[in-house]
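Take a look at the structure below.
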Amino acid sequence: MLDKNGIAKRIAREVKDGMYVNLGIGIPTLVANYIPEGIHVTLQSENGILGMGPFPFEGEEDADFINAGKQTVTLLPGSSIFDSATSFGMIRAQKVDLTILGAMEVSEQGDIASWKIPGKMVKGMGGAMDLVASAKNIIVAMQHVNKAGESKLLSKCTLPLTGVKCIKRIVTEMAVLDVTPQGFKLLELAPGVSVEQVKNATAGRLIAEGNIPEMKID
Amino acid sequence: MLDKNGIAKRIAREVKDGMYVNLGIGIPTLVANYIPEGIHVTLQSENGILGMGPFPFEGEEDADFINAGKQTVTLLPGSSIFDSATSFGMIRAQKVDLTILGAMEVSEQGDIASWKIPGKMVKGMGGAMDLVASAKNIIVAMQHVNKAGESKLLSKCTLPLTGVKCIKRIVTEMAVLDVTPQGFKLLELAPGVSVEQVKNATAGRLIAEGNIPEMKID
Amino acid sequence: MSKIVKNVEEAIRDVNDGATIMFGGFGLCGIPENSIAALVRKGVKGLTCISNNAGVDNFGLGLLLQKHQIKKMIASYVGENAEFERQMLSGEMEVELVPQGTLATRCMAAGYGMPAIFTPAGVGTEVAQGKEVRKFTFNGVEKEYLMEYAFDADFAIVKAWKGDTEGNLIYRATARNFNPVMAMAGKITIAEVEHLVQPGELDPDHIHTPGIYVHRIFQGEKFEKRIEQRTVRKK
Amino acid sequence: MSKIVKNVEEAIRDVNDGATIMFGGFGLCGIPENSIAALVRKGVKGLTCISNNAGVDNFGLGLLLQKHQIKKMIASYVGENAEFERQMLSGEMEVELVPQGTLATRCMAAGYGMPAIFTPAGVGTEVAQGKEVRKFTFNGVEKEYLMEYAFDADFAIVKAWKGDTEGNLIYRATARNFNPVMAMAGKITIAEVEHLVQPGELDPDHIHTPGIYVHRIFQGEKFEKRIEQRTVRKK
């Protein structure tokens, strides 16, 4: 089983040189810490940054410099600032190469639910609906099961949807899976995790063919 | 009869303090020279200027500073530069208070033709179609008759249209006229011009009620 | 005809009960805090507020919320505000949740004189309910889009870093966010700035919001510029 | 993966016969003159060019026109070019005249991922022929609008004043014009700049075109920057 940083490390391997990447709140944010040396990646923050840098040094934080999670950040040399319409314009126009975000549920059709639990929690969708509707390459970073022990990889989402047929790949603490027309295709297992365990934790159709390799992380 | 500068002078009286004004090529451009002292007007040039100033001094012309007529211009303090989409965005959103442009023909319904003579001349509509379709207040500056001596104020335009039901007011070398549901309403006469002369030069319905005052110009 | 108003009270003088107002800002970053405080003092009620977020319990739009001045909130993310959630779940306040890009683009549409736009955001979700869905082939891909209408706001209240007396505005870093698109979209646009300067002091090439969009401008008395999530690293 | 190309030939290496290309510029102001000259030298044919104007007889797009490299021209105003008029009237070249705001907004639509937009420009004129007309009530006024589609261009070739190696661009004065909206809209965007600088030399707040839109960038060898209408006043 991976911890959150492990999931982030595995996803960081999907990031290629020259990519523009949007990282959602939570585990996706951690991905920035594990991007391999020598790879030049530009981070987009949908509140209006390209070229987002690390958190500021203590005492250098500035209220005018925040990311989409409202955290104080810095800008890297070569960065640019733009308004919210431009930001989502570049997202809709698929200029952002890779989007990594969290989810409450993903269905075997690639539907995603991530913003609302009826009667309980409604934080709003923020930019997630725009991102999932437009991004050409989306990876979901999440736990395989929720706090109640129920699978988050379903044949059909039960919560209100964020987007339909949009998720391509999922990385959890247990596995890497692709959404295929036949169902969730198991690509890689986390160290110490068996196919059986993934099967038990996956409510939707799982395809596990041949010898499933172990994830490479470091 | 007025000369071109006379027409421009009369139109300049329509310009009020605080207005944002777009001036077309030709006579409209001359209006800028006659805006009364003490009135603060901001000129928009649709290639991307607010706060356009006069022509540069000899030797100070710069290829990067031009107006919509491709003439070298200067910027006034407090000016701003923007792209073409923003420029026409502010035009469509009716942020520009007054548009002054030329025409080949105007109909008594307020239709305007100004961009094409089939088989003869097709320069393109440039920004004219956008301007007439959106502006809340449009004044046409033109000669009352064309070079062949034919009226340019018609019951119906004969040339391809630039816009429909959009012109509110016309200033020619002979008169000031408003487009009304009943036809061209004669508001003012140029010095030395009679109602009869305007009638003869107007092919569309002309309404001349009561005593028509003489234009005030200076 | 000067755009300068002498203080925030004069700037919001005709913001009355029932007004629809756009508020610039993302989280607490770049919000027109002087104007919000003045609206609280003025006590106008029944407001429809268009803003990406709803502030926190004791700052930003949260202050209007506490006084029950907001009838309807149009926002994309309201997660940081307990009182908001209470008023929403209890039905005291009407809430329209809009995807963030749709929110920004509906502002932009108003500013660009476009009555409606098409976006794929929300297709197949509850956001699409009752909306026109249309297929377009764009860049060779056929896809469904929602038609979303331009906002129609009586006022846009924005905050800029610098502004001149012609109404030209320049924003600083991510305090830009929704401010420029809302500034374009208000029937009356009110700008509070940190630094009010004379015409000619701002470079025409660097203006973010041309003055034509701004009807009233004033230098804010005090900017707290509260930080919502202070995240730092050690030196 | 560097965006810097060593010269204009490398920048246009894959601009082949039949390509659809957007060219920034208004009149001769802000046109990518190095790239146009290279396309003339390369001799690519059958081009569809999207540009507000078509240059003059011996400069700008007029050079491509002389060599009969343009199959179709999409423009708003072509009045300054005798050879253009000849090719258009004789039917040698296909011409689509588009209102200037529609031209700009169709570029913007592509850059903003919007498949279509609505504009009142051209309603009731021959521009409306064959197009969907739709009524909207916007700001309380009911009006007819044309639906116009986003452009689909293989390349956008733009000219900026300064650019950095990340592709960020800054334009100077009215040489901005169509360049930013076209830069956003090209599937491949090529930028020629007067000054190529290192990352960090441009202020992030003053970038007109964020680097994400720009795929190739180079410093032009020579900029003639011809003036079309030299108008001056005496000192």
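List of remarks:
A, B, C and D label the chains in the order they appear, each numbered from 1.
We adopt the following convention: contacts are C-beta pairs under 8 Å (C-beta built on N, C-alpha and C of every residue); 3 or more make two chains touch, one makes a residue touch a chain.
As the structure is a prediction and not an experimental result, all values here were calculated from the model.
Of the two chain pairs shown, B-C and B-D, the one joined by more C-beta contacts is B-D.
Farthest from chain D in terms of Cα centroid separation is A. Chain centres here are Cα averages; for chain A and chain D they lie 36 Å apart.
Centre-to-centre separation of chain C and chain D, using mean CA positions: 32 Å. Each chain gets one centre point, the mean of its Cα atoms, and the points for chain B and chain D are 28 Å apart. Counting partner chains per residue, chain A shows two or more touched chains at residues 75, 81-82, 85, 89, 91-92, 94, 134.
Chain contacts: chain D has residues 105, 110, 112-114, 119-120, 139, 172-173, 176, 204-205 touching two or more partner chains. Every pair of chains meeting the touch criterion is listed here: A-C, A-D, B-C, B-D, C-D.
Every residue of chain D that touches chain A in the complex is listed here, in rising order: 1, 110-114, 164-166, 168, 184, 198-200, 204-205, 207, 210-213.
For chain B in complex with chain D, the residues that touch the partner chain are 45-49, 54-67, 69-73, 75, 81-85, 87-89, 91-92, 94, 111, 119, 122-130, 133-134, 160-165. Residues of chain D that touch chain C in their complex: 105, 110, 112-120, 136-140, 143, 145, 149-150, 152, 170-173, 176, 187, 204-206. Of all residues in chain D, only 26-30, 52, 75-80, 85, 88-89, 95, 97, 99-105, 107-108, 119-127, 139, 161, 172-181, 208, 225-235 touch chain B in the complex they form.
Of all residues in chain A, only 17-18, 20, 40, 42, 44, 50-51, 75-82, 85-86, 89-96, 134 touch chain D in the complex they form.
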